[in-house]
Amino acid sequence: MKEKKVYGLTALFDTPDRIIDAVKKISSDGYKKFDVHTPYPLHGMDGAMKLKPSKLGYITLVFGLSGALFALLFMFWAMSIDYPMVIGGKPFFALPAFIPITFELTVLLATLSTVIGMLTFFFSFPSNNHPLIGSDYMRSVSADKFGISIEAEDEKFDDIQIRALFSKLGTIQIEEIYYPDTETFPMFQKKFILFLLVIAILTGGTTYFVLNKLLFMQPFNWMMTQDKLIPQERSEFFSDGFGMRVPVDGTVARGFLPYEFKGEVNPASFLSNPILLTKKSILFGQQKFLTFCSPCHGNFGDGDSRLRGQFPNPPTLHSNRVKEMPDGQIFHIINNGQNIMPSYSSQTTVEERWAIVNYIRVLQRAKNATQSDLEEIKKESAANGK
Amino acid sequence: MNIDYTIEAPVVEGRLTLGDIERLVAAPMESKPDKKFYIALSISGTFLLIGAVLLAMSFYKGVGLWGNNQPVGWGFPIVNFVFWVGIGHAGTLISAILFLLRQKWRTGIARFAEAMTIFAVMCAGVFPIIHTGRPWLAGYLMPYPNQHGLWVNFTSPLVWDVFAVSTYFTVSLVFWYIGLIPDFAVMRDRTTAKIRKTIYSIFSLGWRNSHRNWQHYEKAYMLLAGFATPLVLSVHTIVSFDFAVSIVPGWHTTIFPPYFVAGAIFSGFAMVVTVLIFVRKIFDLEKIITLNHLEKMTKVILATGLMVGYAYGMEFFIAWYSGVQVEQFVFINRAFGPYAWAYWIMVSCNVIIPQLFWIKKIRRSIPAMLVIVILVNVGMWFERFVITVTSLHRDFLPSSWGYYTPTIYDIGILLGSFGLFFTLVILFTKALPVVSISEIKAVAEGAQPNHGGAH
Amino acid sequence: MANRVLEYQKKDLPQNMSKLGWALFAIGALAGVAAFYVDNTRAAYNYLIAYMFIMSVGVGSLFLIALEYVAGADWSVPFRRLMEFFAALVPLMFILIIPLLFNLNELFPWMNKKLVEGDAILTGKAPYLNSTFFIIRVFGILLLWTLFFYLFTRNSMNQDSTKDQKFTKRNIIISAIFIPVFAITLTMSSVDWMMSLEPHWFSTIFGVYYFSGTMLAALATLTLAVIFLNEKGYFGKLLIPDHLYSLGALQFVFINFWGYIAFSQYLLIWYADLPEETVWFLHRWSGSWAFVSIFLIIVHFVVPYSILLSQPAKMDAKRLKIASIWILFAHILDLYWLIMPNMNEGKSGGAVFGWIEIAFPVALVGLILVVFNIRARNKNIIPVGDPKIERGLNFRL
């Protein structure tokens, strides 16, 4: 049999006062590699063991600050550089609104780093193969005893001397701890390979199923099947099975308000021109006039049709009768038609009709320009540098 | 009863030795579950199943099965979310804030309350995600580089919620686990069964009660408590921001953050007391979770209940004082409108009934306490209902007023969340030590050296 | 365990402390009177700042006493007597309020009948904001506070000689009643004296905001007194750092609390951007007030937070002293920020600072010292008869 290597000597004590005294003695005797094991932290033990204050706080501080900095910089970059977007009228870098997330990330990083730092860096966990674990000594200090262990690696380690010291301090039990035999784990055990295989098949299968099947099943397929009416499809909801329904009487389609004064003679008093005379609206009216009106009324409204007699020519728009018509009546005529002229309400929108009315007014003024109008034009051209 | 103020009341009653404490706490884990356990588990499991089935149907058919509609788009899911997050506040409060305040009585209840926090946050987390209608797309809530080149809106309180609740869950879990490590070691050293020993060994990470470790451990615990305290406040604050940053009258009021936090502590403590009353009885922990502890908790409930009452009053007063008509209307509508029944349930359960705790006899009577804390839970659920629903159902446009009624699906899912919560609680009582063994040992009589010495 | 109460011996407070107090008070009060002749409005506003500060320290101390009883704390028992001394500022407020009563018209726009009649919102508020009800409220609140002050101190003093535990029990009951009363009255006071300076504005959190400042001011004065008396050996043997740590930790908590409340109020108003609410912050952002606002964040949060963050700092008497003085300054600045921007409302913007702004705080510090000295004369510095005093002196974390 191989000889076991000694880890160290341990001693148990049964009251907190006694262990504090014992520890004071041991640390003042100059032992360095000793440790105290208690079922819960004892007050005053730090001083007795002459431990330096924990440096854990520095990890927390550094990671907490970096969490805050990262969060702020990232949100600054994302919201004001990478994809700037005005939200709620707030500036791109809306600092007050970034505070909550900054705070959360600070806390998250600080706590996680504290814990991970403590477990790995300070404790070197996990350490389930530590020689003390599994010993009777560990069972006692886990329950209700207080123990001291001195490692064999300590410079002053001397089996006999330490035993004497322990008994003098009033120990109730001394135990020698040995390093456990090193265990070996052969890599290619049958069981292990089988285990890997099962995992591979399971993950592969699941991934295939999720990506190729599950995502196309109800309800994960973006709610493709829904209990709603789909035009020109069968519906289970109605007894006749038609998904397409005849609208209720009096239904008006959005944006297609019917013309109220159809067939009336002169509703001009109810109609007023909503369109301002601007250059833009006049040019728009010109375009529409040239498209829809000029074929019969002529390019300048003179009644000189381009239709070469296919239709009778309409009268000129520069007659006094037309000039004196209110805007509403011209609008009404475009809507309703007059004599041989048909309604243009299906070809033009309301806005376009009013624009045409405006343009007709422009034509009328141009045909009957006064001296002052001419001077005005001259002035304007001079101002434009022509 | 006369109290001698010169002596500190013992935390653990009956002069238990360290060994007794350990045996008492470890007992539920070392015995086979009995019939009562299975009955309790099957009841809570049934509720869980009901919830799960109704939830599955909601996804299959679509969330139109719920009562949520215009104008009340935030119905039960948000009410339940806020309710459960609130419940989840007591644990961290007890474990962190009372730890920082050096309240030794917290040791008996901290572990259990922390576990309840974690379970409650799990219940809470379900609701906003299902409220989206497509929970499998919840990943979009995380900011990750994607093909659209888009980021989540970091200025949105709903995104703050995602960060706050997930941070809170993570930190609570870590905090809880850190507290459990020494207890896992205790269980490892107690048990002889091989599988259990392996499991405990893995989770104990090789903890060996070394004081060189305890020193850092205590520091870490303190740091975590220091971070958990503002964190717990921030979580419900951010939940309150969900409402308060809007301009909806009844939601937009500056007292919401502290008011929500007080309400959360209030409801959380009520829930902890509710569950602890049963746990201490069933598991024979009356000497560790003593009547004194429960009495202290009722005092906290009374105090936070008063804070909540203060907030109700302040809201009403400022609504009148502000001179803003819609604001005034909302509060009159709350108290006398179609949802007046909910409002008065809330006021009587949250403000009026807890006043009974002024009487010492009621504070020390378990049945009376149980009734009151359950009513407080009901009241706090209705508080969230009142805030969410009454503010929405009649806002600026009288033409879009409406009345919200939950459907059977809403109610079933709420019951399901209770099922989830209690199933987890019941499993926890058998799987892990419900009281922190090492902490309670440390505050037992004679556990600390007498002559102390300098720090 | 050594009996530490026996080590305590009654000592008179040092003479120069009283002299310093009187000197400061005299200088400040003279300058203050002069200020009322030079610029009545500005002096009235400054006087209001000083008055609110006195309220913070006085009622805040009263609340800390109640909190100690209700929470069953033992670490703060040796300091309770000091809080009782500071709470004596409360009855004094009956006298201090007089100059304000003569200047209500200068301070509050809602006192202007014409303005109120022409303004539908102010007319709506008139049932609350009118001079009669205002005065009833103010004096009612002062009476209540004085009553509680009287009850607390009487029981506590009686206990010194009798050592009877029933006084502790009585004070616990009084404290439990006082705390809700305090919450309501302090909120009312903050609304009356500060929120109604800008009568259109409203914020539900305002009472809590002022409460956080109150706690800081009361704690900082207490800490200063504790450290000073401890250094001179008034507590018998020296207090261990654990006591200081508790004080420092509480200060740290309330600094965070103030930051939390201030941020909540700002964020919600900033985010919703409703004109009836933002107006208050806009006044505090116009002209040089913007610098005061930013300065306030630094003075009231960033600096004290950094000073008190580390654990050793909370135990170190010297750093704690700096922090306490700093916090008192911060509280004055906070009140200045809350009150002064309303002085020139609608007229020229910008912060004003001059000798008037210094005179009143000087008088204030003097007054607190004087009151403390008068109250402490021939009395025990620690409540020797309290059943928890032994535990309090031997307190360990």
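For reference, chains read A, B and C in written order, and residue numbers begin at 1 within each chain.
What we mean here is this: a contact is a pair of C-beta atoms (placed from the backbone, for glycine too) under 8 Å apart; a residue touches a chain by one contact, two chains touch by 3 or more.
Small disclaimer: the values here were computed from a predicted structure and weren't measured.
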| item | value |
| --- | --- |
| Which of A-B and A-C has more C-beta pairs touching across its chains | A-B |
| Identity of the chain that, by mean CA position, is farthest from chain A | C |
| Chain centre separation (chain B, chain C; CA means) in Å | 34 |
| Whole-Å separation of chain centres (CA-atom averages), chain A against chain B | 27 |
| Where chain A and chain C are represented by their mean Cα positions, the distance between them in whole Å | 44 |
| Two or more partner chains touched - positions in chain B | 230, 241, 452, 455 |
| Residues within chain A bordering two or more other chains | 43, 57, 88, 90, 97 |
| Residue list for chain C, restricted to those that touch at least two other chains | 267, 271, 396 |
| Chain B contact footprint on chain A (complex, rising order) | 15-17, 20, 35-49, 51, 54, 56-57, 60, 74-75, 78-79, 82-83, 87-88, 90, 94, 97-98, 100-101, 103-105, 107-108, 110-112, 114-115, 118-119, 122-123, 125-130, 132-133, 138-139, 141-144, 218-220, 222-223, 226-227 |
| Parts of chain B lying in touch with chain A, wherever the complex brings them together | 17-19, 22, 59-62, 134, 136, 143, 149-151, 153-157, 159-160, 163-164, 167, 170-171, 174-175, 178, 182, 185-186, 188-190, 201-202, 204-220, 223-224, 227-228, 230-231, 234, 238, 241, 438-439, 441-442, 446-455 |
| Complex contact set, residues of chain A against chain C | 43, 57, 88-90, 96-97, 99 |
| Chain B partner contacts - residues on chain C that touch it in the complex | 74, 120-122, 124-125, 128, 165, 168-169, 176, 179-180, 183-184, 187, 191, 200, 202-208, 240-242, 249, 256, 260-261, 264-265, 267-269, 271-272, 274, 276, 386-388, 390-391, 396-397 |
| Chain C partner contacts - residues on chain B that touch it in the complex | 2-6, 8, 100, 102, 230, 233, 237, 241, 244-247, 252-258, 303, 306-307, 310-311, 314-315, 318, 321-324, 358, 452, 455 |
